[in-house]
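Down below are the structures I want you to see.
Two complexes are shown next, each including subunit A; its partner changes from subunit B in the first to subunit C in the second.
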Partner chain A sequence: MSDAMVMPSSRRKTATLVMLYTVLVGYSLITLAPFIWMLITSFKAPSDVFKIPPSFVPTMLFTDEPFANYTEVWTKRSFVTFFLNSAWVAFMASLGQVFATSLAGYAFARLELPGKNVLFAVVLATAFVPVEVTIIPEFLIMRWLGWIDTFASLIVPSFLVGAFGTFMLREYFASLPRDYGDAAYVDGASPFQIFYMVYLPLAQPALVSVFVIAFINNWNELLRPLLFLNSPDKLTVPLGLMSFVNQYEASWTLLMAGSVISTVPLILIYILTQRYILQGFVGGGVKG
Partner chain B sequence: MSGLTLDAICKSYGSAKVLHDISLSIEDGEFVVFVGPSGCGKSTLLKLIAGLEDVTSGRLEIGGRDVTGLEPVDRGIAMVFQSYALYPHLTVFDNIAFPLRLQKRPKDEIKRAVEKAAETLDLTARLTYKPGALSGGQRQRVAIGRAIVRNPQVFLFDEPLSNLDAALRGQMRVELSELHQTLKTTMIYVTHDQVEAMTMADRIVVLRDGVVEQFGTPMQLYRRPRTRFVAGFIGQPGMNFLPARVVGTEGGVTAEIAGGTRISIPVAAEGLASGDTVELGVRPEFLSLAGPERGMEAHVRLIERLGGVSLLHGTLADRTRIIASFDGLDEVPESGSVHLGFDPAQAQLFGPDGLAKPPLAAVGARQ
Partner chain C sequence: MTHRRRVMITALVFLLPTIVGTLIFRLIPIGWSFVLSFYQWKVFDTATFVGWDNYAHIFRSPISLGVFVNSAVFSLIYVVGSVVLALVLAVVLNNGLRSSAFFRGAFFMPFITATVAITLAWRWIFSTRFGVLNNILMGLGVDNPPAWLADPTWALPAVALVSIWKDVGFYMILLLAGLQTIDPTLYQAARVDGAGPVQRFWKVTVPLLTRSLFFVLIIAIVRSTQTFEITYALTNGGPNGASTTLAFFVYQKAFVDFDVGYAAALSYIMCVILGLLTLVNFYFRRRWVHE
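Then we have the complex of A and B:
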């Protein structure tokens, strides 16, 4: 092939790449900007927060106590309690989601049930109902059960239903070869044994994905803890963060430090499970 | 006793009937192959025997016991799947031990059974491997191991070699035949490959559109196919079919083929009359070079040299294509015309209904 033919194609490719990277870098900056601003503010003194023009200098990093905001949040403001409460609630609720949605997803994917598709459509439809619509009946049920101001009000519902997880796991289970189940059935496995001995271990990537997504959602949950929890020792991280800005005080630097701390578990859990999450979303590429 | 009896088995999916009145009697210890083209119902029939599908009507007996309504595990069968169906998250040991663990057998008994199966199948060194680390042949052996440890009355194989390359397929064919000789257990094997059927089977069931076309030994199917379909399906290269017209029915059938050649075939003429259109079936290896002005004249299109044999691809005067097989050392003309002849006793004659006419000797013996 002559140079005359190669160059334009090569130049076009370079131009496309430059454009692509410009868009991606620009989008990344827009996405990261609030996070970077939060990080900078968490290292500022309260007096520097609302300076005009705004300063991008984390001033406290140049003092004797660069982590003073973090120390105060962690030690003096019960943030450890909020953090542990959130960790417990998010972990248990995510476990509940994996439990409930793996069973439901498997049943919808593999079992022969009359009205299965209609029921699946109903489960999916629940994902489109905003939480604000159901929160009052939910509150009344929790009060009736005597679960107000207990973690059960945040954990137990996750053991019962989850539209997204059910959908994702149904697709994943359906993508796994049917021969595995048939082979186990011929060997004498019951439907439940086929589920937990054969298909559940194979769905590990999708299960991890469901767990992580549920963990992030529960960690960030504000409305339900706000309505269901009252005692100071039961508050979760989002409620704890709210307490930094109220009618008596507005500790923006502490709020930002607390916010940075609250993102650490989410970033860590994502990094640790990234490999599984990708596999989980790509689907059941399992070869026999 | 671990024979198998299928009595008028039918299977329908809604209004679509896929198996029609299948009745077979398979002897204890026999190696029976179900063979047929894609969609003929052979895998469905195997799944009915396994209990993975329910029969629409009919009765199934294994070892003299009615198992029609029983769960697969209670039928005394073990199945090897086309995809092997090895659990990727378990080691070879755990895969083979899987059915025994379901039966809650003692640990030491499971260990002994798995090790014995592994030894039989030359897998001892691979027991700690996961299926992903094994070759195709080894995976196949693990799948067989999982079946062996159950000590079944009947083994079911669903196209187990179709995922292997040609060389490995040949090797595994031999290994499976040897395994059958060792275990002496009834085996039912599904394949679309007639070479596998011919080389491994004690008896072959040829299926077509959900109907048994013929059930017999490989040589019965090869030498005396009951229908034109069986004749064309069994044998590699396939049987030559020569369009012909009946010109006489005295002492056999005299038929005229392309070029006006008249041949007298020693088969019963029942149902045939002069002028009827029939087909002569001649296997390639029964064709030989004839002298000038004798036999059928064929135009040579191509010679395929396979080493041991050479295949002559030719065209007759009426454009019928014909294949003749010769010893690899024989001198075969590369081009031009040749004259091909055959022994009429080795030829088949198929009536307009596609059924083979029985040889006169057989008719005489029946009478």
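Then we have the complex of A and C:
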């Protein structure tokens, strides 16, 4: 510290700033490097991949067909099927989460029912039980229902329960003023109308957070699709990528093109809805 | 019908999906799994009741004991690494720099990106001969860089490293939210009293951040026991089981070896360990957190 004490204050400030920015820029490089390397590799000719030292030049960009890896993955390796499967499952499951958790969150925050606090405690407590405990019976239940190799196994549970969304929306509905509902009640609105016409529109930002976070989680889900789906035309993007690894381990150019395709939707969603995502994670988290 | 009754009926209808879902996908599986843990059952066979045999076998088998050691090592690297790094980044970002929103957004990105895709990019980076990491290391004068994912010593730390890289932004955001609740006049007061940056960090920031720190610690510990996607896509638990942790072992036992009872017992041991860790965490939290 003594060095800093003798330094004139403006120089000390500059030194601090340089240090802070060194940390920030340094870590940004570490954050971005895998993305950049993925992108560069996806634009290389297969023969360029196994060069020593590795080249940082995306060689395909300088040929007639810069997107050849992408078109090959997309059309010839049925990535388009995986992509549509994932989009459908993630979209429907996220819709289901908004449906189930907005109803439950509102009921827990604003409606009276004997035993509802016990139920809320059970929902939260069971969410802490690791998936490894429940996954075997879950698989057996899906088999019993005849839902193995159907998207219902991934979508229907989302229409029923979601601890994270329920918790978040309960907090959100509880934070909205009671007066609005009271006024609607005086005007003769039913409990459902009060929910649907007064509070649900007000909760829109929180609903977007729940949807987006559920979409990201479902897009990334690996374990359940791995266990519940088997036909090649039913695979989701993560499973499709893993099947590429097993089939053509050395085709890094194709594998990285597929990886870029599966990353782009999430990055786009993140850039567009960053505020909701951060709010959702921090709001749902800090109060817990 | 009275208003009270109508409210109750509405509440029941609203909570019906949650009740059904909690019952079918949470409570029944939790109980069923516990029952299964006392049976020997290879999916296509009949199940036989074996009492505590599964549990006894787990604690006697060198393979599963190795998995416990791997899990402990993984959790230690992951929890210490991600929480310390997250704290450093959060403190740096909390200095009111004009570009901090950009860096915050960039650091959070790995957390929400496609897990399997980015893990495959890491797999390619770690590749022994043609991987960019080893070529950089050799460029820096390291003669025999490790084979990483193919090396029993380095595979587990590599999985931990990718997991830290992926999650650190999330913990940073949570800590940043905690930092922003600290009253800035406290720092001015400390400065007037002659406290340098290091002292201000230990005497003001850390004590006032204990609440967020413990919260992040609990999440990090829980997540450290549940790594699956990254292990699956990076090493598949190998080489020779060197990077297999408990969660991955449960999956292998249940769905690769079809030894369902054994896997159920493993999952319950995992659950108990997790519960104990959380209790320890809460005990220290009561002693150290300034409410």
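Following the convention adopted for this analysis, the second predicted complex is superposed on the first by the 236 of 288 C-alpha atoms of A that agree within 3 Å, B and C clash if a C-alpha of one lies under 4 Å from a C-alpha of the other, contacts with A are read in each partner's own complex, and residues count from 1 in each chain.
In this section, a contact is a pair of C-beta atoms (placed from the backbone, for glycine too) under 8 Å apart; a residue touches a chain by one contact, two chains touch by 3 or more.
This structure is a prediction, so every number in the text was calculated from the model and none was measured.
Asks: Counting only touches as set out at the top, which of subunit B and subunit C does A:174 meet: first, second, both, neither?
Replies: In the superposition, A:174 contacts neither subunit B nor subunit C.
Asks: Would you check which partner chain A:87 touches, where first means subunit B only, second means subunit C only, and both and neither mean what they say?
Replies: So A:87 meets neither subunit B nor subunit C here.
Asks: Quick one: name whichever of subunit B and subunit C touches more residues of subunit A.
Replies: Of subunit B and subunit C, the partner in contact with more residues of subunit A is C.
Asks: Let me test your reading of the model: by the given contact rule, A:124 touches which partner, first (subunit B), second (subunit C), both or neither?
Replies: neither
Asks: In the overlay, answer first, second, both or neither for which of subunit B and subunit C A:184 touches.
Replies: In the superposed model, A:184 contacts subunit B only, not subunit C.
Asks: Is A:95 touching the first partner subunit B, the second partner subunit C, both, or neither of them?
Replies: neither
Asks: Thinking of the overlay built on chain A, is A:202 touched by subunit B (first), by subunit C (second), by both, or by neither?
Replies: It touches subunit B, and subunit C stays clear.
Asks: Between subunit B (first) and subunit C (second), which, if any, makes contact with A:222: first, second, both or neither?
Replies: It touches subunit C, and subunit B stays clear.
Asks: For subunit A, what residues appear in both contact lists, the one with subunit B and the one with subunit C?
Replies: 185, 286, 288
Asks: If you look only at subunit B, which of its residues touch subunit A in the complex?
Replies: 50-52, 71-73, 77-79, 81-89, 98-99, 102-103, 131-132, 139, 146, 150
Asks: Going by the contact rule set out above, which residues of subunit C touch subunit A in the complex?
Replies: Listed in rising order, the residues of subunit C that touch subunit A are 3-4, 6-8, 10-12, 14-15, 17-22, 24-30, 32-33, 36, 88-89, 92-93, 95, 97, 99, 103, 105-110, 112-118, 120-122, 124-125, 129-130, 132, 135, 139, 165, 169-170, 173-174, 177-178, 196-198, 212, 215, 219, 222, 225-226, 228-229, 232-233, 246-247, 250-251, 254-255, 260, 263-264, 266-268, 270-271, 274.
Asks: Considering the complex alone, what residue numbers of subunit A touch subunit B?
Replies: Checking each residue of subunit A against subunit B gives 177, 179-180, 182-189, 193, 197-198, 201-202, 204, 286-288.
Asks: Spell out the part of subunit A that touches subunit C in their complex, as residue ranges.
Replies: 1, 4, 16-17, 20-21, 23-24, 27-28, 30-35, 37-38, 41, 49-54, 99-100, 103-104, 106-108, 111-113, 116, 119, 122-123, 126-141, 157, 159-161, 166, 185, 190-192, 195, 216, 219-220, 222-223, 226-227, 237-238, 241-242, 245, 252, 255-256, 258-260, 262-263, 266-267, 270, 274, 277-278, 281-282, 285-286, 288
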